[in-house]
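Several structures are given next for inspection.
Below, chain A partners chain B and then partners chain C, in two separate complexes.
Up next, the complex of A and B:
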């Protein structure tokens, strides 16, 4: 039943999109300067229908309607209610539906929010956005339909992968998608802007709040994903430069660059074409990321192993997007008379964009290169953390210095009057670095430089709070927290302690200055899994600190899976992180223990970073 | 003053990096090796039989007095370059290692060009 309802609603959505496009085309030809009321109504209807369609799928998951293929494949009647709901977007088909919801709602909101911009610009944005919507609706309807039925109706579902049954991963996709898919609206707007020659600062104003909101959500989405990886995957890290992680980072770089270049466009009316390119690039990278992740190219490296049609469809869609963007830019590009004085805020923002493009290219190349070498020379290579670290980190050092100085520069023409202060701050940063060496231990040259430059950024941004009569709080928060982020990552990376050893019940092990004692192992039966819970005592022989950690080995019923749950004790100074795993054919357990300083501050920094974005969004929305 | 401080830091860190060279960090080597039977994990993070075996192989090679690079070479000869998370710097990977910096330099040139052209006009 729900399967039919869903399919019907999907068809209505497709119909709505066609009607919107049709009405818009008529509206374009009408000399009148206002948009037809019927367009608003159809757009509203379209958003409502797609929302109901989504809730139909949620309902199918809630009541465990196994006549729906998607529910059968990804749910189980004994699963907790919360994970039944989050299971809706925890799979390929359901997440695409979420994708279309954001496309549609953003399209509607953009239409009603920008009433003081010209009609043609808004109409073209609407048309292009609806073409995107149609592209994805067709994809859902014909290739990845979440409402496909199955008969005979199975008695029980296959269940959701246990590592996805997690609160962080339940909210991760919606957050990330608001960022990812939210960028579609300024893709459409940028195209509309080129087509209708609506350039300059008014264009910047019409998309600025959309860039801010998608950037903030993207940041949060990436954060939640890394927190999940940290406690769920059991290797104690939070970023592995995995292709799937990179796919979320690439649009983030483009968005960050755009966020800054829009400031120049808004204030000085220059860099228009560059901003448009960034608008187009951001959403293109989002779709590319989706293509790489969904087609199975990256996970298995066997091209299109998962589902060839799925990958092929997105690839064609992606090529069309790129082709149209490049074509429009090529036809409409005009030499603009940008006036930029070398020592000015504009220059520093250009420098920001320059570095962002460098990060983007590096990560893009690292992600795609293995695919090329495999295709060309049949030589599979891995591009992992050592590559990214050695290419990117030296550049970050310089970047942080610019990030500290840049915001102090004035628009149009700047003169640095406070070089002495900057020098003092620099000395302060070096002094603190010495304290760190003194309290922890010495570390490598490059790490020293990272710490010094991040401290330089932190201190000088913090001092901005007191200096000017009028300051930009959201900028200070975001820049400050980016400094803190790099600073704490640096400390965390350099001063983590790791121990890997085997132990059996009742045994005590002494490694360096730590003593480990496996006191107890308990078997517990939970609703949808069995767990072996260990009780492990750790004593630090130097600080006399004692901790008890309870790592788990879980055996899930549906589907039958073994997972290792890390036990984490965290405070403001350090995290104790411990995983336990059984070793086949022996009564020993493998223990991985890590002591990671200032772990929690990495999360706090990123929350602050995105808070800066939200703050800026709210202020901007209030003023306009 | 600035130079002095810089020199002190430089030698301090040089000292520390030299010190680190003395003993081979087993864990660091593990982190640079891909667990071939897992999905995107290093052997340091994995508990698979493959990872456990490979860790023993690495330990064995270290005991035999092999250097870090020799260990990587031994393993990549055996399992292919797929096992190394740090791609080799060779002809095939030349583009990978150099393109980011080439783009970086090009970007710098574009900005300088842009600024010079504008300031000449005014």
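Up next, the complex of A and C:
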């Protein structure tokens, strides 16, 4: 029943898209500057239908309708309600439906929000966006249908991968999708802008709020994924330079560059083509990321099933997107004579863009290189943290310094009058760095430079708050929090303590200045898993601090899987992070203990970073 | 000039998309099966007992050699051990053990309790030598002939079926 309803709604959505495209083509031929009312109506209908379609799938998960293949494969009647709902998008088919929802709703909102822009520009955006929607709807309908039925109807479902049964992972996909699927709207708008020659600052104004909102959500989405990896994957890291993480970071770099280049386009009417390229690049990278993780080329929790036809479909779609946009760009590209004075805000923003492109290319190379070597020479290699750390970190130092100075420059022509202040701030940063070394311990030269440059950015951005007559609060928050982010990552990296040992019940172990006591082990039956819960007391012999941590070994029923849950005690200064695993045929348990300073500040910095984006979005939406 | 740049961009995209297409039909699981048929060029393994170095010559003494990578801390190695013991009775094969990232005392105890099937035993304390053999986890075993050509690879513990296969090949 729900399966038929879903398929019917999908068909109506496809029909709506065709009608929107058809009506839009007719509308293009009319001379007046208004868009048919029927286009608005069909777009609204389309958004409503796709939402109902999505809720139908949610309903199928909620009532455990195992006649729907997708529910059978990814759910189980005993699963908690929350994970039944989040299971809807915790699989390939369901998540594609989420894709289409965002494509559709953004399309509708763009249509009604940009009434003061020319008709043709809006109509072309709508047409291109609907072609994208159609592409994904066909993909869903013919290849990855979440409403496929199964007969005979199974009595019980197979369950959801336990490590995906997690609150952070329930909200991670929607956040990330608003980010990178949201970028589709400025992909379409950029294409429309090239076709209709609607360039310059008005184009920038029409897409700026969309860039801001998608950037903010993308930032939050990456953060939530990272927090999940921190407490779920059990080795205390929060960024692994895993190809899948990189896939989410690539569009973020492009978006960040775009965010800044739009400032120049809006203010000075230059860098138009560059901004268009970034618009196209952002969504292309998003689709490429989807291709890499969904086709099974990269293995991760995101690889739902290995099905080359899926990959082939997305690859064809990606190729069409790339070649159409490249063709349009080549045809319409005009050499512009942008006058940019070397010492000006424009130059500094361009420098930001270069840095972003540098990071983007580095991460892209690191991600694609293993795929290339495997395809060409059968040689399986993996590019890991050492590559990224050694290429990216030294460049971050210079980047932070430019990030501190850039915003102080003036548009068109600048003259630095406050060099003395900057020098003083720099000295202050060095002094604080020495204080850290004095009170704690010394660290490598690169780390010193990272700390100094991030402090330089933090202090100089913070002082901007006192600047009269006006300051840009959202910019200050974002830059400040980026500085804090790097600063805390630096401290966290340098002052983390890690201990690895085996212990048995009732045993006490003293390692350096820590005493560990495995007090108790309890077996508990939860709704969908059994848990062996340890009670481990940690005493810091220097600070006399005592903490009890409860790491878990979980045995999930459906599907039967063993997972290790880290026990984490956080406060504003440090995290105690502890995982416990059993050792085969022995009474001993392996304990990995980490003390990670300022962990929570890393998360707070990213939340603030994204908040800066939201603030800027709200201010911009209010003014326009 | 613009034309050249445009052509390069187009070619680059074709190249990337082409590679993606080629990759579609590949398994992304790390797999060293493709090593079968290759020849091991150089062998330099340090003996477990003393610091004697084993080289290619030591593999030419019998028609076949099974290089087995194991450790005392590895539970599946215990599972495969009885089959190695049985294989050690065969004449046409010598078993070459490589003790992987292990403590010497634990390894000796392991062999004392469960029996020593190895004609030669080498140590690989930091696991570097094993990587050169294309090993990425233990237990793993490589069957080579006296030309040092890889005849078969066994990823994971050797089971009854594997034992029969080996016997078939060597006899």
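Here is the rule we use: the second predicted complex is superposed on the first by the 618 of 624 C-alpha atoms of A that agree within 3 Å, B and C clash if a C-alpha of one lies under 4 Å from a C-alpha of the other, contacts with A are read in each partner's own complex, and residues count from 1 in each chain.
Note that in this section a residue touches a chain if its C-beta (ideal position, glycine included) is under 8 Å from a C-beta of that chain, and two chains touch if they have at least 3 such contacts.
Here the structure is a predicted model, which is why all the values come from computation and not from measurement.
**Q** Once the structures are superposed on A, label A:371 by its partner contacts, choosing first (chain B), second (chain C), both or neither.
**A** Only chain C; A:371 stays clear of chain B.
**Q** Name the chain, either chain B or chain C, that contacts more residues of chain A.
**A** Of the two chains, more chain A residues are contacted by B.
**Q** Have a look at where A:318 lands relative to chain B and chain C in the superposition and call it first, second, both or neither.
**A** Touch partner of A:318: chain C, not chain B.
**Q** Go through the superposed model and pick first if A:430 touches only chain B, second if only chain C, both, or neither.
**A** first
**Q** Of the partners chain B and chain C, which touch A:350 in the superposed model: first, second, both, neither?
**A** Touch status of A:350: first partner only.
**Q** Looking at the overlay, what does A:109 touch: chain B (first), chain C (second), both, or neither?
**A** Neither: A:109 stays clear of chain B and chain C.
**Q** Per the contact definition in the header, classify A:295: touching chain B only (first), chain C only (second), both, or neither.
**A** Once the two structures are laid over each other on A, A:295 reaches chain C alone.
**Q** Just checking: does A:380 make contact with chain B only, chain C only, both, or neither of them? Give me first, second, both or neither.
**A** both
**Q** Can A:326 be said to touch chain B (first), chain C (second), both, or neither?
**A** After superposing on A, A:326 lies in contact with chain C but is clear of chain B.
**Q** Touching chain B and also chain C: which chain A residues?
**A** Dual-contact residues (chain A): 299, 380, 584.
**Q** Can you check the complex and tell me which residues of chain B touch chain A?
**A** Chain B residues touching chain A: 2, 5, 9-10, 12-17, 19-20, 27, 31-32, 34, 39-42, 44-45, 47, 49, 52, 80-88, 92-93, 95-97, 99-101, 103-104, 107-108, 111, 114-116, 118-119, 121-122.
**Q** Taking the touch rule as given, give the residues of chain A at its contact with chain B in the complex, in rising order.
**A** Touch residues, chain A against chain B: 233-237, 240, 242-244, 299, 338-342, 347, 350-351, 354, 357-358, 361-362, 365-366, 369, 373, 377, 379-387, 390-391, 395, 423, 427, 430, 433, 437, 441-445, 447-448, 452, 498, 500, 564, 581, 583-584, 590.
**Q** Okay, in this complex, where on chain C does chain A touch?
**A** Against chain A, the touching part of chain C is residues 6, 9-10, 13, 16-17, 19-31, 34, 75.
**Q** If we count contacts the way the header does, which residues on chain A are in touch with chain C in the complex?
**A** Going through chain A, the ones touching chain C are 291, 295-299, 303, 306, 308, 311-312, 315, 318-319, 322-323, 326, 330, 368, 371-372, 374-376, 378, 380, 584-585.
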